[in-house]
Amino acid sequence: MNVYQIVEAVLFASDAPLTAHEIARADEGLDEDQVESALVFLRAEYDDSSRSFELVQVAEGYQILTRPEFASYLERFDNVPRPARLSGPALETLAIIAYRQPIGRLEIEYIRGVGASGVIRTLQDRHLIDVVARSEGLGRPLLYGTTRQFLEHFGFRSLEDLPRPEELPIVLRERTPLGPEDDLAEEDDAVGGEVAEKSTGQLKVATETLEQSSQEAEEPHR
Amino acid sequence: MNVYQIVEAVLFASDAPLTAHEIARADEGLDEDQVESALVFLRAEYDDSSRSFELVQVAEGYQILTRPEFASYLERFDNVPRPARLSGPALETLAIIAYRQPIGRLEIEYIRGVGASGVIRTLQDRHLIDVVARSEGLGRPLLYGTTRQFLEHFGFRSLEDLPRPEELPIVLRERTPLGPEDDLAEEDDAVGGEVAEKSTGQLKVATETLEQSSQEAEEPHR
Amino acid sequence: MESVPEREDFMVVEIERFQGPLDLLLHLIRKQDVDIFDIPISTITDQFLKAIKGLAANDIDGAGEFLEMAAGLIRIKAQMLLPRPVGDEEEDPRAELVRRLLEYELIREVSGRLRVAQSQRARRFRKAYIPPRIKRDISEMTLETTWDEVYAAALHIRMPLPRRVDHQVSTRTVSMEEKATLILEALKENASVQFSKLLSGFKERSHGVMTFLAGLELTRRRVLFLRQSSPFQELWIYRRDEEEVDDELVGKLDPEKGVEG
């Protein structure tokens, strides 16, 4: 049995992206480097033999996915499962969480100008976000961050695939808080008398979360 | 676009076997005969290029499946390299449950400052903890406690044997209530409770969460 | 830029289309090509009120949020009318709103990109049917964890801080005057300066906020103007009138002073 065949079988039998490390579980003799080479080989083979699927890097792992040009054929089938599209509010909320994680509900609501608990619940139910920490601030509110599922849903390899900071207006690039703290205090009125929290370091914590969640995924994929 | 590519894409992305007749629906220009030839072509190609998957015909139609000889790798992938050790969050959660049992998820999350449903599931899968009661409180949340396996594994005759020296954090040494009611009500946010309907909403949300998490338990982790 | 033939017609907006009050407000501002750093608060407030007329009656979800914003606009409008004492370094009443609008605009842009990424990803399909495999029960795996490890974890658990009722207000150590000086210094040499340049060397966020506020304030006094060619470009600060770039100005940030003509 060749390494590339084993790697292929595992990828084929998984419904979620897998890291080289995860794939290597399939055989005791396998190490990550071997898996990586096999992945390179497979990718080239799928391309050369004009397979209708390809090896895609997504959500910090690898996954075999159909090539986009077949979408119109596949969309005709009820048997082909399609992920539900997210609503506008859900996308806006995700955008905020993706950039400013870890972030609490009150800050999300302040940025969007509308309530967020319903959307947050939906996003959590869909495993696109999760509670990643608790603020040290008053009331120790829950802080949310994005998950690997978030990356998968949007086809991002990692959070680095989000629009780069250089592209963002200066006000946000510097991750200016929403204002001096007394401004947030005022905002209490708008969000129901709760005390607002501050956000701390962003992308760093998000990465930690991802690492942690892959560690915690003690069960294999189907 | 070649016919065989379209057929391949459809079979790959379908969650059920498809007949040639059904596959032909992918494109107006396709007829069953073309599909049949494409299927023959694909089957030969998968064999010739030593793919780890094959085209299989079952009663209901065609499917692409991994070859049986890779079953052992997939099984190993599923079963072997699970960490035989508990992760940091799992250790922490286990300690909290051991000392404060019976205890509900929200209380655990309150103490740890982060979500606990995944870790609780892991500990339950390991038979170290189990649901031991149901709280009388709103939503009658499940309460967790340690199991006999817990005692056996760590070599305690009974829970009385758990060391409770002075150095233990007060939150574990003494079963002091976790503070004012509203602290736990605030915790409702963990499951997305609306501020407006805090008191009534809580019950509903808690129940939903329970149902949801038992569903989640059947799904693979990411 | 599309022409707006009838102001009245333009004002008939379908409130349901908007994600919330900020979305609506941004729409009103961007649609009319008014300077976001110098919002004609009175006009915009009137338009906003008109747009949300009958909102409560329609029982739209989140009507309260629109009304809340309306109240905020009216408050700002009132504050703008109040004379402000000489040397008062209080920020422009509109500054916080501008910050929120800019940030919201960015979020809207990013969520648009997420939507595109979502559609692109949705054109790819993963292997759908995966035969179920028998998985060994996790409890069959030998657990190597010892009690010492559990106990060590127990020692690190710390009770969450009790909630405090009082609210902490941090002292503002960075003054707007200081930042205004910085901007004017930079503009002595050049006719324009990048906002980001002014922030180099300062780590704390309050510097960014203050520099921004000072920029807004000096814009209001018509000493300079801020330009951003599009939402994702660098913010540039331009000198408006050479003679007015004077250290003295910093000392007398007087509302009357800058308003000329």
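By written order: A, B and C. Residues from 1 in each chain.
The working rule: contacts are C-beta pairs under 8 Å (C-beta built on N, C-alpha and C of every residue); 3 or more make two chains touch, one makes a residue touch a chain.
Values in this document were obtained by computation on a predicted structure and should not be read as measured data.
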Indicate, using Cα centroids, the chain positioned nearest the centre of all protein chains shown. A
Relative to chain B, which chain's C-alpha centre is the most remote? C
Approximately how many whole Å separate the CA-defined centres of chain A and chain C? 25
How many angstrom between the C-alpha centroids of chain B and chain A? 17
Provide the C-alpha centroid distance between chain B and chain C, rounded to the nearest whole angstrom. 38
Please list all residues of chain C that touch 2 or more other chains. 125-128, 131, 133, 135, 138, 160, 163
Where chain A touches two or more other chains at once, by residue number: 12-13, 15, 66-67, 70, 74, 79-81, 115, 134, 139-140, 218-220, 222
Give every residue of chain A touching chain C within the complex, in rising order. 12-15, 56, 63-68, 70-71, 74, 79-83, 85-86, 88-89, 91-92, 94-96, 98-99, 110-115, 134, 136, 138-140, 153-156, 162-163, 167-183, 185, 189-190, 195, 218-220, 222
Residues of chain C defined as touching chain B within the complex: 125-129, 131, 133-139, 141-147, 149-160, 162-163
Parts of chain C lying in touch with chain A, wherever the complex brings them together: 19-23, 62, 65, 68-69, 96, 99-100, 102-104, 106-108, 110-111, 113-115, 117-128, 130-133, 135, 138, 160-161, 163-164, 167-170, 172, 195-196, 199, 205-206, 208-209, 212, 228, 231-235
Would you tell me which residues of chain A are touching chain B in their complex? 1-2, 5-6, 8-10, 12-13, 15-16, 23, 25-28, 45, 49-53, 66-67, 69-70, 73-74, 76-77, 79-81, 105, 115, 117-118, 120-121, 124-125, 127, 130-134, 139-142, 147-149, 191-192, 194, 212-222
